[in-house]
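Look at the two complexes coming up: chain A is in both, with chain B in one and chain C in the other.
Entry: the complex of A and B
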């Protein structure tokens, strides 16, 4: 039985915070396929295109027939725990600090034997379900979970190390004026977040959502304007040491591409909020969060960007807005590099058109705040990097993978296609 | 069908040398290899220039290989080999060197293995051991070989009912042997109680299941029987030798090694049976692997090694002398020299040069090697039967 996590004690400022360490993060190129699958929560393995052998560890040729055509396919994650061990001493600092650490050898029903982490509630030699997760080095690893859910199983120390679970953590949502803010805050509260800071720009102006936000336990509305470097720095100075999860939902959106507009005014606003806003937040909050990723139960764990799915491929009707999101997406990849040593996860939630005034002209389906909030919480619990929220975003990524150039034509024929 | 294996007739193994091991050393692998090589050449009354074949096994030579060593040590061999097979490297080096001598590609081959052990070098070695280890085993707790063998041990206990006491019998007997070997690193007696209550390392493996990484080197020379006799050197002959890699790939977890594939041919080649073997040197990085060898080499049926060690005395004076120098468990694991320790001791034994660890009437010895946990199991296995020749 998993021992439920208890709320962390108040931090003693005189005590040294643990310096973040990483599990081994070097992988061959072939094995990065596991990481790519884990980033979106899929269980995939190499499957030989010629003889259908499912193989692991990943190789550059099939160990049955020597074919080099080895696509990654979704595989049933069920198997049997053959053997286990509990490592009590390791030469690797990350595991040394976290010992004892349970691991095992699982015979996957699909064929191969897989050395994996083992959840504390898995009975010896029992049936298991493997979950492919990103560890704190940012690489895909597998953990064996019990076949049936167990109480508080998310609190297992190994599983928690491979998630960004909001339970007992403190969150900053950057934009209280975004219509999704109250639903997001409520969902995080329900998921166990203890404090939810919500940034509000131009606090002297009315915000119709303030009452709904204030009604949620743990919510504190703070002054924050992501277009103002001083404002971002001031808030980081005030609460930067207790932000464990940052959700950047600030967004400036107007329809139109370059030729639909007479100047760059809106585009500058889009870049200022959607791109530079992210950069200001990263520069102000990033270092503090990176220093606290090993800080116990409420360690800093994830940075979430709510991006438009149009970051992947330009949408003609929202051409300039798409460009600002593409810039933010690209910057998020750069942040992943900068946050990797600390193990701070950058999760991008790609969202299709949202149900709001600025997307009024688009036909459904559109993403409602509860759908977005669910995607965010699930993504955190599974420790994902890439989340596609809503039918449009899911459709887009599928088309993107099938052929980015074809999708570009589909997206930029101005609705005539 | 395989063609019949050619015999190793006419090949002699001489001048076995073990350089006394050290827990940590400030010297390099080059230094350790040179020391063992010189010891072996001196014992044979040879100079480096007399050597025309050279075989090396080492993990810590980087960035050098056997090639760099020739210039470093001033050798000019006409036959050169580098054996990256860890615990299986001794017997495999012997096989290749013997064929070189038989065919006339070389007259005198030195087979040397050695490694240094600096503070932190074991960790560095682990981190870059193999691609599969990097990709698929070390990210899981980074227990190194301890964790891998813990998994095999757990399954072995589950399948065959072996207990910690059974593994302990192997460790305790080897410690008793080691106390007679002045070069063994472990100097204190070990009781079964101490073994059982030792600090857990990676369950079910505890402290005395693990070898101690150290610095050291081992060497012997391979030449013709004629040459050995001419020089008046006590020599051993090779009655048979096998190697096998990545056997039983479809076994879900390793409970047997590659020996099972070739063992019948080994006994056939050596014209003998397990009962004719006077002493056994297994590769003992963990007791479970020694048990696996006792089974796979034909000393008892599969799964019955636990019963075998309960009913046999594995010490030097016992009815089944095993790892007579103390093995790696009690003498230390000097990197790739761990793949030579049993072989070099076996040559000493059958040539009656083992001194304080000498088994009475040791005529025929079996040596086996096991190496390279690439991902979830040891990939290389090897074994040889040696016999004392008339000096």
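Entry: the complex of A and C
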């Protein structure tokens, strides 16, 4: 049985914080398919288009018939643990610091046998579910989990190292004025977050959500305006050393594309909040978080951007807002590069139209705060990089993958249907 | 001794005091808030260009951005639709002699303490004149409310039905503009009009009547309690922005002790 994690003791100020180390991060181009699948929590393997053999490890030609037509497909993750071993020391620093580490081989029902990490609750020779996860180097790796849930199984050290679980961690939600803030804060509290800092801009204006937020245990409202560099730096100076998970929910949205607007004023607001806001937060909070990714139970673990699904392709009715989100999406990829060495996960949650004042004219389905909060918490627990929240976002990514140009044409009809 | 030499000597000796009527330009200083579908007033922002570092080793400087109507600021006639056709109605066109001149202060601070929607009325102006004499033509008229001492949310005092703060009635503005021919009108609140000024006829009477007649506005003033009712000189030159409708500025008053 997994030993449940206990709340971490206060840090010993005489002890040096560990410098983050990474598991091996080099992969072949073919193997990056595993990483892409793990980024969104899918279990996928190559399946030969000619002879249907399921492949592992990923490769460039079929191990049966040498065909090079090896598309990635969702595969049933069930199998049986064949053999296992526990590594007690390693020449690799990351595993050396975390030993003992359990490994094993799993015979997948779909065919191949896979060397993988093994959860502590998996009994010898038992049935398992393989989970494809991103490790701290941001690469897809397999971990065998017990077929049935076990108590506190998410506290298993191997599994926790492959997640961004909010349990016992401290969170910063950047915008107390976003209608989703109280629901997000409540969900993080329910998921075990110990402190939930919520940034509030312009304290000289009433915030109707202040009471709802203050009522949530662990919530502390702090002054933060992502459009004000000084404000972002000041808050990072104050609490930057204890932000383990940063959720950037700050957003400025107005309907309209370039031609529907007579000026660039709202577009500047959109860029200032949605794009430069992310950049200011990253410059202020990123270095401190990257330095603390090996800091014990409440180490810094994830950076979450709530982006519009219109970051993928421009939605004409929200043309300028879409552009600002495309910019933020691109910046998030840049941050992934910069946070990679520290193992700080950047998770983008793409949402379709949200249920708020600025999407009032759009028909349902619209994303409600509880749906978003669920996506955020699940994404953290699974250590994901890409989450598509709500029917519109899920539909959009599927259509985007099928053909970005076709989707672009569908989204830019010029009002002609 | 020339007048100017005399003045500078008196300033040096403290007989003439220079009073700063300006709030610090600060990112957290409130700006006017309009319904969110309208364009909004930009807050003051400052971004570092360099600070004696790799971006510029021996110097520190910032880029700043704001609206023409952020912080302690000046309203030109072209700010309002009633003043759109006033000749020389933009900040760069206003004759420079209009930027320094006599100022009178009507103290409404007592009434404002009791009533946040306190109105400056013709009766109050006439009562002030009974004590201090008729408002001279081409004077600045400042409405002292001590509102500048308010901080945070109490400054805009925003509620479900909009902001609540003191200001002049349309009749008071007509009296000042049409019968006293003032130079301009200034307040300590975020605008020259009352918080509920949209509900007068005409809406926003201070803006409408002042600027329609080519008169000037000042708002977000501070330290009006340090000015005498009459006899001070106001120095209020806006930035020379081409076709600017207003400008943040440093407002100073010369006060004889």
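Everything that follows uses one rule, which is that the second predicted complex is superposed on the first by the 415 of 417 C-alpha atoms of A that agree within 3 Å, B and C clash if a C-alpha of one lies under 4 Å from a C-alpha of the other, contacts with A are read in each partner's own complex, and residues count from 1 in each chain.
To be clear about the criterion, a residue touches a chain if its C-beta (ideal position, glycine included) is under 8 Å from a C-beta of that chain, and two chains touch if they have at least 3 such contacts.
The shown structure was predicted, so the numbers you read here are calculated from the model rather than taken from an experiment.
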item: Simultaneous placement of chain C and chain B on chain A, clash or fit; value: fit
item: A:308 touches, of chain B and chain C: first, second, both or neither?; value: neither
item: Partner chain(s) touched by A:85 [first = chain B, second = chain C, both, neither]; value: first
item: Partner chain(s) touched by A:194 [first = chain B, second = chain C, both, neither]; value: neither
item: Partner chain in contact with A:115 - chain B first, chain C second, else both or neither; value: first
item: Touching partner for A:2 - first (chain B), second (chain C), both, neither; value: neither
item: Chain B versus chain C as contact partner of A:174, first or second or both or neither; value: neither
item: Chain B versus chain C as contact partner of A:225, first or second or both or neither; value: second
item: Chain B versus chain C, judged by how many residues of chain A each one touches; value: B
item: First, second, both or neither for A:28, with chain B first and chain C second; value: first
item: Closest approach of chain C to chain B (Cα atoms, Å); value: 38
item: Residues of chain A contacting chain B in one complex and chain C in the other; value: none
item: Partner chain A, residues of chain C touching it in the complex; value: 27-28, 30, 33, 36-37, 39-40, 43, 45-48, 152-153, 155-156, 158-159
item: Residues of chain A touching chain C in the complex; value: 202-206, 225, 227-231, 254, 263, 265-266, 269, 357
item: Partner chain B, residues of chain A touching it in the complex; value: 23-28, 30-31, 56-58, 63, 82-92, 94-95, 101-105, 107, 113-117, 125, 135, 137, 139, 141
item: Interface residues, chain B side, partner chain A - complex; value: 122-123, 126-127, 131-132, 134-144, 146-148, 150-152, 154-155, 158, 199-205, 249, 252-253, 375-376
